[in-house]
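Each chain gets a letter, A, B, C and D, in the order it is written, and its residues are counted from 1.
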Amino acid sequence: MHRYIETIHYFDRRSRQLAVESDPPPPQPHPVIALTGVAKSFGAVRALVDAGLELHSGEAHALVGENGAGKSTLIKILAGLYRPDAGHIEMDGEAVAFTGAADALAAGIAVIYQEPALFGDLTVAENLFVGRQPRGRLGRIDRAEMRRRAAALFERLGVALDPDRPAKGLSIADQQLVEIAKAISLQARVLVMDEPTAALSGREVERLFGAVDALRRKGTAILFISHRLEEVHALCQRVTVMRDGRRVSTDPIEAVTTDELVRRMVGRDLSAMYPHRETEPGDVVLRVEGLSRTGLCRDIDFTVRAGEIVALAGLVGAGRTETVQAVFGIEARDAGRVSIDGRELRSGDPRAAMRAGVALVPEDRRQQGLLLDLSILRNATLTRRHRLSRLGFLTGGAERREAAEWTGRLHAKYGRLTDPVGTLSGGNQQKVVLAKWLATGPKLLIVDEPTRGIDIGTKAEVHRLLSDLAADGVAVLMVSSELPEVLGMADRVLVMREGRLVGELARPAATEEAFMRLASGQEHIGEVRS
Amino acid sequence: ATACGGTTQGDDDDGGGAATGGTADPDADYQTGLSIAMLPKSVNNPYFDASSAGAEAVVTELEGTYEYTGPSDASASSQVSYIDTLSQQASDAILLSANDPNALCASLDQARAGGTIVVTFDSDVEASCRDLFVSQVNGDEVALSLLEMAAEQTGGAGEIAVLSATANATNQNAWIEAMEAELESNPDYADLELVDVVYGDDEDEKSFSETQGLLQTHPDLKAIISPTTVGIAAAARYLSGSEYQGEVALTGLGTPNQMREYIADGTVTEFALWDPTALGELAAYTAAAAASGIITGAEGEVFTAGDLGEYTVEADGIVTLGPPTRFNADNIDDFDF
Amino acid sequence: MTTVADAPDQTPSAGTGSTALDLILRFRALGLLLALAALIVITASVNPRFLGAQSIRDLLFAAAVTVLLAAGMTVVVLTRGIDLSVGSTLGLSAYLTATALSSGTPVPLALLVGIGAGAACGAVNGAIVHFGKVPPLVATLGTLYVFRGIVYFTAGGSRVNASDLPRGFLDFGSGAVLGVPYLFIISALVLAAVAVFLSDYRAGRDLYALGSNPEAARQTGLPAGRRLMTAYVLCGALAGLGGVLYAARFGTVDASAGYGMELNIVAAVVVGGVAIFGGSGTVLGAGLGALLLTVISNALPVLRIDQFWQQAIVGALILAAIALDRLVGLRAARALRRKASHVD
Amino acid sequence: MWTRFRSSGALRSLATWDAAIIAATVLFLLIAAQSVEHFGTARNAGHLVIDLAPVLLLALVMTLIVMTGEIDLSVASTVGLTSAAMGVMWNAGVSLETIMPLAVLLGAVLGAVNGLFITGFGLPSLAVTIGTLALYRGLSYVLLGDTAVADWPRNFTGWTLGTIGESGIPNLLIPMAILAAAFAVLLHATTWGRSIYAAGANPIAAAYSGVAVRRLKFWLYVGSGAMAGLVGVLWTLRYSSARADNAYGLELTVVAVVLLGGVSIFGGKGALPGVLAAVVLLTAVQNALRLAHVSTEALTVVTGSLLIVAVLAPNLISSAGEALRARRRRTA
């Protein structure tokens, strides 16, 4: 609990530092845009049940909620990408129905999506203006003009990107910056930002806020989604909280403390989330020495002992995923040793790692974790197919028993084992991924963002599961972007920055300030803006 | 050897004929109600359309049922399926122009076992696999008249080249062989040199570009002989549009309708061909005769093919239409096919 | 973690990316040009007549149709598509044009018939792909058979002979100015037009975007349907025009016109450096690819290389071309990655 | 109603495309046997079996390859090249007993070349196999040029067309059936088959789950080549003619039946029974149309249309289902 309180105080301090002088927006006859009673389901998943939102011009409105609360889905409905199953959208009091992104754009709604989606083969400048390139004589594209505008835009945002380079190969951060520049250049009436700062550093965030606030003052309505509450306080005048696809509340930002916000988001006392656990770690299971991958991570040394939960923390883009990928061997390492129980693993050979008892629950469920079109059965038993076979032949029975057992143990909810796994809710998908790896009975369990996009209940279950495994002597290496999770679960926290291991925090010493200091490389958290 | 498309050890044990067994009754009449089908190298080919017209006329005259069927690509494997189909429909006779001398044998044997008479025309198969072969002309005659024309048009001296059809075409290869032999032996042709043989695969475009190739590789080329209707037309069209028009002589086997304009514009002086319609007629008569037991395919048997007159079966069950007709500015307008 | 102010020295220093990109593009074009030049020089040194006016004219004649179809194919491939039906489309258009002409239709009208037929075929493909959500490979493999079948139906065994076509049309087909055939001039002009369309017009750029990242295209609200239709119709129309040129050049047209041409065209496009999975490549590259393949098939006989070797060599060349492309691509990617990364 | 339709496993499996194609095939055979003269005869059945042999054999491996999201357009050229090579060896006096295994081996090598370019250098299989399509066909012309080798021992050529005793069952039927069964088991009941589906459904996730995707694909191409070699032997003996242009253009037919069989060109979806049915259907339809004196032209159109419909139909059905469910939700 005390750790959690600290979080809040830290947030509050930080928000004061970031805060932009905000004058209250003039009262509006109609909200620019209003959503009421919106519902949306994806097969079994009810992403939105009864969501609502009002945006006034000239206000910055925050939308907060746990992972899977339905924020992004709401955004995609606003952007015309999804059709709501129920509810309606009004602009200036007029009912509207968007059939595609084009409609929403035409109506003046610009969106920065959670996952940057650029055209790798086009230049940065073209990515900014695709579909609306400046035109010269005979309607031909005026490249010089386009470059000029791009440069000006980057100037304003203080981004040092060459407009003529291809978007392919941009870092996540740079990709996000391009998306932001693009949205801002649209001069839209409504600017929606879905976790735009997830990949950005303090300075970039400030510049972004500067630009956004300028737009707001000109009357643009801003919808801002973020898991960083200090930013919410810094930028926004009002805040709407969502939980499990429903609107919980909407208030002026001064009216709610961060403390209260979190309680509403989570719907229960956070400190209850992390099962307490007394561990006396056993022998070293994983030893990593001088691990390097060109351009991604460098000279990483650490160990994980049996029965220990070690967190690999850092800001998004710090290279944590790259590191664990190299440990598991899915990506070859350029230098260094990785050994399990003292035996070195061949570089770039995940099968060897699996034989040695390593399991990796990857960061991206849909891309790396599951065969979405195949059945739960197939997915759950894929990693065990050899052990379930006799002379290479598989008898359906054994597979079914195995799958049923593990999905059962994890309380996964589904119709039939033969349903395509893609039809499950995010949380249950994540459970299938966990099931397929726990079934291998690993010595070392690596989990990368184990609770990303899964709902609050499942999250607690996953946490309990991890600590139970640790208690049974499994070595657990956890990558997570959620600070409370990291601090709540880990015995030791390894902090990464820019592909390097910059420090280690043992349990008592692991506080947000300590972490932030290491992770952001800013010696004194108090001097962010210097 | 080439008669078997290049195989080295062909076996011509039983010299065709007798396969139908029984004895011939020269005085018998043509049966009516025979079902006769023509199976060309490929449908969509004007030359075979002409033959088909001839055959159809005969069959209707004999009050039989006629069918013209075949693959759209000139490949042996697809011809096989059609032979199988026909033999199941128990046609009395098949008139076949083969894409391969051997590939069809198995199916043909089956067909003949089922009592179907197999008469090849235009392009033969192994003698053992068919009852009779209706040859457009005696192979040597063609070769001779082609060389004759080439010699006349080149003044009997200089480089000549051959633009053939597909590389496996039995008849083409036979003619080319005969020409080579004649060039060797005949002193009149001492100064003629056959410098190259290229294949246009009976495709207009390929023949066209092969002609280009010839003229570039052999600057001193005096004449091109193209013993295939597709080839000569393509070559003529190329020459007529090029600087070689009138410089390089072109002769071979072509249809008057295709060559008329090139005779007119002087690209071509003289070329030859038998009448494919007549060939079709003769094939039909031969098949009908065999089906009616008038002939068995044994050497020396005689039968009457309507207006075409009387024909004698030669060795290996071959029936020959006669010497090719030569077409030039004087007579070309008398023909329309 | 950022590539910005914190560490200006490590930013993707201006130009690096783009020059790397330019390098690839230039290199591809360069590679093709070098190959072309080498081939021509060698051939000419073996047989000077290869550079003779006549020979060059023949070469351009042969290239005209391939270049045209390659241009069309590029447009489709850029959108992650492919059109295997171009050969059949060309056949259909060629036959319709020829019959129209032989039945006394004025040339301009016949021209429209040919192009129209092609465009119609393209529209069918586009509709099946976009509305039917059928993968392009499958859809056009199907229409390859269907269109060819239609040609067989209409043509049967008949063949339009040169003598049936108006003199003017044939003269146009075999005519040339300054040794350059009209047909090639047309192809060249069309190629240029398509090139400008793809590089300088929004619709053109959209095609690249669609091929590069369909999901992003959806988010950006690009009119995917309209663009796809445009691409396939354009490809079909060019195949149609190709059919007209074919008729003009060969004079005789039968049901087999353009049979089996599709794979050569795809090959030309691939050799020309257009990514088979869309998004990158230029129509000029494709044009060069087509030209290169034509030069090869014309040079090999002149080089007295056994004609039976020709196809084999073409095949080997295709492999070489895509392998080279991949190599260059990897190099560039690694360069960019190193520049983009903040980890020194 | 739609819910019930979806929720019943049995019905759902019936609704899958390969089930549909099997039903269609059976139906067609029955109807044709009744309505088309000579179709139902044992003799015709024999012809059918022999006619579909090459396509079926090639389709077996092609199915696995397409299942992994790749394609092999060079199979027909590989058949041609092995056939040509057989001819050369035979002329050189090598015994047929030696030639046949060598031919299969050659096929495997040619397949390995494809595999190397695709998995080794990571090149798109479509482009690579278009290249080898030209290369292999070209090489077979280099080997055999314009000649054909035809004097194959009668006892071998006879066997390919012969029947078991008087039973009227073609000799080819048994081995083909065994092979087909073997591949069905391989794909549907072995760890290897699971890996194939995984690699096709999502290569990244497959790799994360310990599937050696590249190695898997490489060996599939080797297998494809070997099978093409086998078909080369079969083709040569069946037509007792080794020629450079053997099996020209067959690759498109093979791809067509695989897609017609309900295998997704993007990989991960499909089943072997569907493909087997598709082979029978396509061959039977063409055979029946020929017997019914339908023109060659029609055959071509039918083939193409079948292919498009095969993929179009499920899409239309599913999108119709979507609409239905959407409406239900709105009304609910």
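By our rule, contacts are C-beta pairs under 8 Å (C-beta built on N, C-alpha and C of every residue); 3 or more make two chains touch, one makes a residue touch a chain.
Note that the structure is a prediction, hence the values are computed from the model and not measured.
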> Given the two chain pairs C-D and B-C, which is bridged by the higher number of C-beta pairs in contact?
Replying inline: C-D
>> For chain C versus chain D, what separation do you get between their C-alpha means, in angstrom?
In response: 30
> Can you give the whole-Å distance between the Cα centres of chain B and chain C?
Replying inline: 39
>> Just the number, please: Cα centre separation of chain B and chain D in whole Å.
In response: 37
>> Need the CA-centroid distance for the pair chain A / chain D, whole Å please.
In response: 45
> Out of chain B, which residues touch more than one other chain, so two or more?
Replying inline: 43, 72, 199
>> Give me the residue numbers in chain A that touch at least two other chains, ranges are fine.
In response: none
> Among the residues of chain C, which ones contact at least 2 other chains?
Replying inline: 152, 156
> Hey, which chains are touching each other here?
Replying inline: A-C, A-D, B-C, B-D, C-D
> In the complex of these two chains, what residues of chain D are touching chain C?
Replying inline: 71, 73, 117, 121-124, 126-128, 130-139, 141-142, 145-146, 244, 249, 252, 255-256, 259, 265-266, 295-305, 307-308, 311-312, 315-316, 319
> Okay, in this complex, where on chain A does chain D touch?
Replying inline: 41, 83, 85-86, 330, 350-351, 354, 360, 362, 367-374, 378, 382-383, 385-386, 389, 392-395, 415-416, 418, 436
> Can you name the residues of chain A that touch chain C in the complex?
Replying inline: 79-81, 100-105, 111, 113, 117-123, 126, 130-133, 135, 139-141, 158-162, 164-166, 168-171, 173-174, 177, 199-201, 203-204, 294-298, 315-319, 497-500
> Hey, which residues of chain B end up touching chain C in the complex?
Replying inline: 43-46, 48-49, 72, 198-199, 203-205, 208-210, 212-213, 215-217, 219, 233-234, 237, 241-244, 257-258, 260-261
>> With touch defined as at the start, can you tell me which chain D residues reach chain B in the complex?
In response: 37-38, 41, 43-44, 47, 51, 91, 145-151, 157-158, 161, 235, 238-241, 243, 245-249, 286-287, 290-291, 293, 295-297, 300
